[in-house]
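To keep things simple, chains are lettered A, B, C and D as they appear, and every chain counts its residues starting from 1.
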């Protein structure tokens, strides 16, 4: 998806070798454009990379110092392709509009009571979507891996009871049909952020896809992961920042709130912030949500548990029900100060 | 400043070697406390490290698997030492109180007109402190290195004319007296964040010290750099987040807004955000300031230039005068939504 | 797999709350052990986490400052479980013994001639395993995605002709049977390094599994990914370092050669170095291989192409046939200097 | 030091604004060169940046998408300026020639006996330079800060007794004369890697300068720090890799051995590896040294202490005297395998 490619030759490249590079650019279907600097020759190669072979092999030429694309390689996700912001609809819930949509619920679905109590409480406080993990990716094979299908059925039951939409993580290509049957939004987790086979399979369900940013994924790679969804015919992509990996050890991850204005510059698609994974600490969730709302996030994905002290996974980062209700109240004046709103709850 | 030290022995350590470790802990003046795990022996060593030799050499013992301090090593900067927030006074300006103090001005002092025009405009828009670099740390020896003393004199003149306080960077121990003569706040830049000799020399002036976070400085190291100032008798420390270095290349740095609530948890001292260095792009400054205000920052340090297109350094990240005035207006409702205020300007 | 857990209470925790924590530790099935520091109480919790509920929820308790496990959570991969180095056999090739096994071949299988020419050349130079991608994970949906099954069949054909074993990447759970039919070693790529569903599916084939390190995977996480393989009944794991993501932009990744001695300390399993992905530049491959051999690597995975200037993917990092033959000659004296050997070739 | 600058305009830039950019490039003294891509206009600006104002302000122009320099900004340190490798002479010791020069000694000078015993032992084992810290940069103000001048005098005494050259760290501009009086090589530590005032002051002594890489310093920034020394008239620069900061927590730092071939590509100056700081663990020092020798390092800087278990600083990473002697023997066959040698000792 580049517009042109800038090829810099090493200083002192003999004219014969310069000609060879130019001939190769032509042979591959591009129009060469030569510019002579003080010591180096710079060649622009202009043409459509979708119709011609890649120029990447030029990197292997001994006389070539660097090969740099001018245009970004993502297309359908970009503002250039779609200048206005787009919204993602999930039933009567619209993400990316003036309402900031709050998704909340437990890290893992642990049982019927835990889920229903949480679902009713978050709905009452203003959440529009219920989150809950049924299949859990765990760093160690000896940790709790989720309730699986039983968890999905409980999520469906919670939707029926509360009207909340459901978001849950998809872990395996083999579960696509099963998870899509129960969920309104399919979450692709950070560990699968470049598992393109899984992303394509998810895209083909037509469901909304929430793409978490990988632990060390650049903005550009993230946009290209979204491009995989759109290129497979599904425009319902939500980009979810959940903390990147840095040198800092105070928090599990470093939440990159700057990703909000950057994604808004680059893409038309809605942006979600996960303040729970982002810091891994319940005492930071409120500040992270406030920052996210002020900076233009379209949605928040918050872990809430009726009793975080006894949660089966990630207790330290989950809010309790009272803490969540208080947070929702604290966020409303900020949403209002930036011209947005948060639903008032059932 | 640890409270106790946890020493873990390797599994299968013979009793004789375990006894040797315990004897060494006693010899160094600490009280050992032995705990037997499933396969490993864990020894707590309790005592005051300021009165006894370090336990660190135990790391070199073959039978020792790890040595981990329980308490943090920073003391005077911490909430434990000073549970309430403290404020830093610079004349009639108080940083850390209910007012969010805005510091603004050009990256570099370039000349009298540039500086006076900027100073008057930022004062009018509500800034309370004028920033401007006279000594510039530049990655390359061939870049503009600042006007030096001439720049400092212009800053003093701008203070006289506008009533703004002055912040400027201190680069060298040899300039301490000179810079302290003209500045109200001494800035220690990111590249000197662990130049302890410079920090101590600055501390001894008694002036307020703004400590920028180093490019890859952990929160803990940053707090310890602040500890150097307090341990040298100066309580006027401002911690300034200005972006950390990560794998992301979209922006020059990754602004870590999460540092605000973390510093507020750990320390009683005020927190400043630099949104200009933080992203290196003027188009991100507004979103970064909004996030900072919502998340509890006490002050903002913003680069403003009458004509960024012709700035001698870092033009791409400086706001113009109109952009700055607009930003100040946009921030007031957010400050108000979190119970704070921004000065209304002259 | 921890041995004990160290729980630190906040300074000033009242005795009543301290008792509550101790009671909870007992309730969960662990034996508490209290140690009083200068200002803090430290509690060790001793017991078998596989038989009892997790202690992690204690992180959510207000009076708890930190919860730290003493033992590592990986078990079957560790030196503690298996003190002597283990080797992985692939037919008559043994990885982890005194021979340093070289795996070589093109980044992507592009066609019969390209593959056969390469296979014969690398076999002649001393390689024992042929690499070649049939399914390619590509950052952008618009890049070449591999020849798929056709590529696998060519790899099988090359094995028949040359006697080389085959390693190729497994990208999807849906391809497990197909890829296992043609490959001797299944490669799990960096992007799927925590795609546990794929790892489990691969493990169950019983084939040797080469686990590439994820872009920002810690050593501990990597060992735990290996633990997934062993916990699923397959002991044939190879850990392959291929460069981690850092702030440095000179190379695509930063090859962490220090992972060799660290893995050798922690695990009994063989270590492979990929110098081609590691730097992304053919001109660094030789130095990286030399370092790897000197530091104790058991195997090298090297990209070789008959004409890198026309490669369909990653041309810049592939050696040509002559370069590879020269490299093999250069490595033999180094292997010999550390008491190892490299096969002499067909 | 760029050769030309590539300015990319945003797609859809009107001709009038394109002309304005071109006019500005001309006004600043550069020759514009326009290239039309598929959707974007790319403008090359050719000229000598040392004679003309910077083009950086163009980044602030609304119609400009990016501004990228073609040439590197370092000059005197580069291979282009000095195609052959250069060596640094310190008396009769030559660094960068066929001998691999080993520098060894304690982290801190602790007293006469400790230093003399170490000096004699490392000289006997083949070291040519004695290291030892007299002024220590410590993260916390409460840690041991070095013996200062007393330590320097002991180093001088050790030189007299053993004939070893002396390397020690320079921490402060105020100590330049004092340290230069006693040391043969001035070490600039990682925390001062961009303390340009200190680097310039050190350069002016004419002594050899060992520049440690900063914790998150790119290769390019490091070369530019070296450029500060050469631009101040001192050609005796040694680049010392000592571990960079990454996400990995197993070791204190991640030793980037890949810096050796990269620096050899880019610069003519010698490269030193510090395996002690690099990993922070004595058990990794041997493997790191072997890798360094195999990959082309010109020198090693190794921490050695007669009794690491009682060292006043960094005991865990120091070798004892026997360990060092053994290491030197182990390295000789590797040095020989790459055509180099290590001195045989006194």
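The rule we apply is simple: a contact is a pair of C-beta atoms (placed from the backbone, for glycine too) under 8 Å apart; a residue touches a chain by one contact, two chains touch by 3 or more.
Only a predicted model underlies this, so the values are computations on that prediction, with no experimental measurement involved.
The greater number of contacting C-beta pairs, out of the two interfaces A-C and B-C, is seen for A-C.
Note: the chain lying farthest from chain A is D, by mean C-alpha position. Between the Cα centres of chain C and chain D there is a gap of 31 Å.
Inter-chain spacing, taken between the CA centroids of chain A and chain C, is 26 Å.
Centre-to-centre separation of chain B and chain C, using mean CA positions: 39 Å. Counting partner chains per residue, chain D has residues 216, 245-247, 249 touching two or more of them. Across the complex, chain D is touched by residues 1, 49-50, 54, 56-61, 73-74, 137-144, 171-174, 191-192, 194-198, 214-216, 221, 224, 227-228, 231-232, 245, 282, 308-316, 318 of chain B. Chain contact summary for the complex, chain A toward chain B: residues 216, 218-220, 244, 246-251, 254-258, 260-262, 265, 278-279, 283-284, 287-288, 290-296, 333-334, 336-338.
Chain C makes touch with chain B in their complex at residues 3-4, 6, 8, 11, 33, 35-40, 42, 44, 46-48, 68, 70-71, 80, 216, 245-247, 249.
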